[in-house]
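There are structures below to look over.
Look at the two complexes coming up: chain A is in both, with chain B in one and chain C in the other.
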Partner chain A sequence: MTKRRAELAHAAVFVVPAVVLVAVFIVYPALETLRLSFFDADDNFVGLQNFVQVLASDDTLNLDRFPNTYPAWGSLIHNAVWILIHLPVTVLLGIVLATLLHNLRGGAAIKGIIFLGVVIPMIVGGVLIRFMFDSGAGIVPNFLEAIGFEGVVTRSWTAYPQTSLMALILGSILLWTGFSLTMHSSGLSTIPKELYEAADVDGAGTLVEFFRITIPMLAPVTTVVIAMTLLWEIKIFDIVYAATRGGPGGSSMVLSLQMYNYAFRALEQNLAATVGVLLAVFTGLVGIWLMRRNAKEVNG
Partner chain B sequence: MRKVLVPLAVLAFAVAPAFAAGEAEPEVESITVSVPWAGDELDTFMPVVEAFEDQHDAQVNVVTQRAEDLVEVLPAQFAAETSAADVIMMWEWWISENGEHIMNKNDLWERYEDDMVSPPIVDAAGDVRGVSVSMNLKPGFWYRQSFFEEHGLSEPDTHEEFVQLLDDIQQIDGVEAAIGSGNGVGWPLTDIVEHFIINYGGPELQLDLIEGNVGWVGTEAEDMFREQLVPLLEAGYFSDPVDFTEMIELWWDGDYGLYPIASFITGVVDDPDDLGVFALPGQRAVVQAPDSFFIPEYTDNPELAREFLDFVLSEEGQAVRAEGGDRMVPSTAVPDDAYPPAMREVASLAAEMETLVPDLDDEIGGDWQSTFWDQLTLLWVEPGAIDDVLETIDAMDVE
Partner chain C sequence: MTTRFLNEHGRRRLQRVGQYVVSYGFTAIWLIPFIGLVATSVSPFREVIRGWWNVDLSNLSLENYFGAWNHTSAPISDGVVNSLIVTFPATIVPIVLGSMAAYGFLRYRFPARNTLFFIMVLLLAIPQYTIAVPLFQMLSDMNLINTFLGLIIMHSAWGAPWVILFMRGYFSTLPKEVEESAQIDGAGPLSVFFKVVVPMSWPGMASVFALQFTWVWNDFFFALITIYDHDMMLATQRIPLMRGEFQVDWGVLTAAAILTTIVPLVVYMTLQKYYVKGFIGFASK
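Showing the complex of A and B:
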């Protein structure tokens, strides 16, 4: 055996198992899912018919209700609303909290507590949200009632279509902010102190330093946080499943849960695959954006 | 290369005994039985298991898995020709539709059919695939006798008296709403709706809805919603949906006066002797939800699984189950005095009815069932959405 062949054999020991696993458990299911999305239950090719059926369904996109009245607006809009609210809030909260807690005595402990939301299983997070917004035991409705609010915000949020989606979004902010906080905290520690010292000499105030030094220097970290948070939001499932199951009346349905219901409730594997492909496209777009952004930073 | 292979070989030798130990044959034969019960509800079933174990040199492992969860995993398990349990409790419609994965029980049923009030569950070919071993009845509105005595309340004899009772309860200090609405994934709300359907249109309407002979829009079903249920919801007599186990405690503590839920409640409250129950005035039928067991084709121990089912259906097994107290049993061989007092009251109420009818959503099942659950949770908090709710339910295929 030549040296070259020995090296190849050596490499194969490490590479082949991984390639086989990826091929069997990722590549094949992904291709099969893609194939299913273009076929009907009898395995006849139907082109884009499944995509039309899914996107034309009120469960996915209900433009009769959006934006004139409260949800159900369809899972696609619910996911979009989730992203529009959850993404900026968690990213900004993470930056602000990281800055406030940086070098603060006891800051590490507070960060640890906030990070707990990320490490608990999200199915438990869903149960927590249900209780947090419960009219009997929940802190949110009872607090709002105590300060004079009336109406559905003082009832069980997850039971009402007007509030169920917002309960999930607000709860998920609580659960996910720890990720943004931790990432930005580690980013903060890489910013040279000299930058702040020079700014102090030039008479810059705290706010100027925050907007002119901290935020720009954290940009690479923020990009990663945005990408990871977007992916988390697009595939959000367990919180919704545990807290509302997409109800009441579909008012908190999201794409992943819709896919699950197609697959395991309605036993419509082809429609489930179609939603899966849509989810893959959305996450792929985020991935492409992240890669291009990273390439831009590397290339200056 | 050798640097890699040698450590791998050492690792393989090190872990091999662990795998070998894991494959050792158990000394006692065992089966796994899957039921949806936990806590007090499971405790009333365990005497049946223990009685079987006493008579057979076998071990029965009981696992808790709800039907609404099993429905999502069993198809994949069966496709892989495996099963998480040897005896499984499941919805009737599901057992009927999945006959090809389930053992035939024609011979077992032939031995017991003369003594059973519940029909067997058959597949499209008419072969018996599942059997009902106990029944959850949905008799109507439960109340605490002490609560009624304390506030001078009594069971209603007319619809007007029923509404007056709700009004009286609503006026009591500390009461949140006259009726507590339990919620799981939507199903205790269905019990209430079915009770009203039967009250309004008789057992015939319930059966027609199950068969798909009658729709939900422009029919008696819609009339029932508009004339009976929605006005009560709009008047605030029903609470918001609250987790059904949490609701048991709230209702027991007096936050709510009435609690419409199935007869299993007799096995989970602190003092079953304090329970009272009444049906809506004029009720002619009561819903019975069977606890239906089946044996999957992919069980590792079909003989023991069959022996277990045989024992549960036997007069002895049925009597032990009846003594547990939260279920009726389908066997007519079990005398009434085998039941605890609270279940005797349910039995007596059921005996006054013309007939028992199947559970509507359990019977239809599938995607329709989950849509029905979801829409009822919406109706409960938005009675004004009745048009959308009925149209959505009506648009679903009843297969």
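Showing the complex of A and C:
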């Protein structure tokens, strides 16, 4: 009994400080956000009214404009479009580049350069995007003009609603591909060489080996990359803040920045909390999906 | 059936050449924006607005770096100092508390252990934005808005769950016998942890340090909602303030961006092995 009590006391010394810190500064605010999303500014319970208001707002879903004309389409659609383009491109580019750079002279240095996008502060990433797409100093509009394009793509992309969202999405591909590449590279090094040697003996070509060996063997890594990339896309904030602040005219607004504007500009705490809950629901779904996939892989 | 105009050897060779061409092509796509950033930061304003590919190489100077460092409204020098003041404690505190908790979760049995640990895992999925509104309110009630202490506490709490998860995994790979023999020699649990377990865990600690340090340094959102006083703003907060009123001064802005990036870059380059290990370990947990 005393031994058991001593063990509990020791466990408390180790565990309690961190648990208290997390409980007070993360768990409590998270639960309070959940509560706020069901109450109005005068603290009356309003059920799902905040959610209805947020989802019915043009800030979130603007179905008059989507898909008939250029953005603003609403933050939820912007995040969805972001995922639709950014997720497949970064995941596939990561796999292809990892395969290309595997055992290539200078491959490690190239991986290091591409991984820079993950290392630099995202706020700097936003500056880089604005810079790349600037009409005067930026390479993209000037290059497009030089090869004969005209109109909006030759101006500053971040300054026009037709192009601002696309500039951010394309720029974020540049920033994030290093993550997918690094993860898949380390996955490649765990694939047994014998598999490829056996395929060579059978006369399989490089492409066949890529689709029949590399991609299936990388699947567990790809699952993790997809989950982490989805989380990154849902939480995207800094680069939007630095490059466009969600503009012009809300054309590149995303959920996280909408939450910030509600909370710290419009001072609508309950609506901000509602967007915060929506964000947690989306990231939570990704988390659950990842855990179920991992459990499946462990159980076969 | 197949008409091969190349023999096996020739085909391999061609494939190898193709691999190089495609690889270096992609590398160029990634390199050009970064080269542009650096080229712009060392060029005079009047040349930059015509595009950095037009700059006159004889006019290069570090003028923009001095401009950003001593900027009149948002000097990066103060930002770098403030970021360092926040980042070191906000890296050390969660590593110490989180590692201790990780060890506690691994080695001791206590009520609700698995539930508590599961909550820590769940918290990894929560975005910063979900806790922002009440957190701001709490910090303001505690008079911690506009203080580095408030920001350090936020980062420490935010970093703790993933440190716990990562270090628990790391500790579980250590041999238990060493700890047991130290216990037999009469060492208490805390001294076993700090004198036996921690010294065996430097590689894991280095991974956690590299990631938490870069995360705190690179963070913008927590700083944005905590620090409002211009003199106290961190490096990342100063960059959005640097856009000129009518025309962007790209030279100064890119210099400021590079100055802010140097610290995480040095951490990444010196701890590269641990950094990537941490990323992989963290992501696959």
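Just so we're on the same page, the second predicted complex is superposed on the first by the 299 of 300 C-alpha atoms of A that agree within 3 Å, B and C clash if a C-alpha of one lies under 4 Å from a C-alpha of the other, contacts with A are read in each partner's own complex, and residues count from 1 in each chain.
Methods note: a contact is a pair of C-beta atoms (placed from the backbone, for glycine too) under 8 Å apart; a residue touches a chain by one contact, two chains touch by 3 or more.
Computed from a predicted model, the values in this text were never measured in an experiment.
On the superposed chain A, the two partners chain B and chain C do not both fit; they clash. Taking chain A as the reference, the larger set of touched residues comes from C, when chain B and chain C are compared.
When the two complexes are overlaid on their common chain A, residue A:Ile123 makes contact with chain C while staying clear of chain B. Using the contact criterion defined above for the overlaid structures, shared-chain residue A:Gly136 touches chain B and also reaches chain C.
Look at A:Phe264: by the touch rule set out above, it reaches both chain B and chain C.
Within the superposed three-chain model, A:Pro161 lies in touch with chain B and out of touch with chain C [touch as defined at top].
Of the two partner chains placed around the shared chain by superposition, neither chain B nor chain C is touched by A:Trp232. Look at A:Val277: by the touch rule set out above, it reaches chain C but stays clear of chain B. Within the superposed three-chain model, A:Trp82 lies out of touch with both chain B and chain C [touch as defined at top]. When both complexes are overlaid on chain A, the residue A:Ser251 reaches chain B alone and has no touch with chain C. For chain B, the stretch among 1-9, 127-135 or 343-351 that collides with chain C in the superposed model is 1-9.
Where the contact sets of chain A with chain B and with chain C meet, they give residues 10, 13, 134, 136, 260, 264. Those residues of chain A that touch chain C in the shared complex are 7-8, 10-15, 17-19, 21-22, 24-30, 32-33, 36, 97, 100-101, 104, 107, 110, 112-114, 116-117, 119-124, 127-128, 130-132, 134, 136-139, 142, 174, 177, 179, 182-183, 186, 206, 221, 224-225, 228, 231, 234-235, 237-238, 241-242, 255-256, 259-260, 263-264, 269, 272-273, 275-277, 279-280, 283-284, 286-287.
Chain A meets chain B in the complex at residues 6, 9-10, 13, 134-136, 155-156, 159-161, 245-251, 260-261, 264-267. Contacts from chain C toward chain A in the complex involve residues 15, 19-20, 22-23, 26-27, 29-34, 36-37, 40, 48-53, 94, 97-98, 100-101, 103-105, 108-110, 116, 119-120, 122-136, 138, 153-154, 156-158, 160-161, 164, 189-190, 193, 214, 217-218, 220-221, 224-225, 236, 239-240, 248, 250, 253-254, 257, 260-261, 264-265, 268, 272, 276, 279-280, 283-284. Per the touch definition, chain B reaches chain A in the complex via residues 1, 4-5, 71-73, 75, 183, 185-186, 240-242, 246, 250, 366-367, 370, 373-375, 377-378, 380-382, 385, 388-389, 392.
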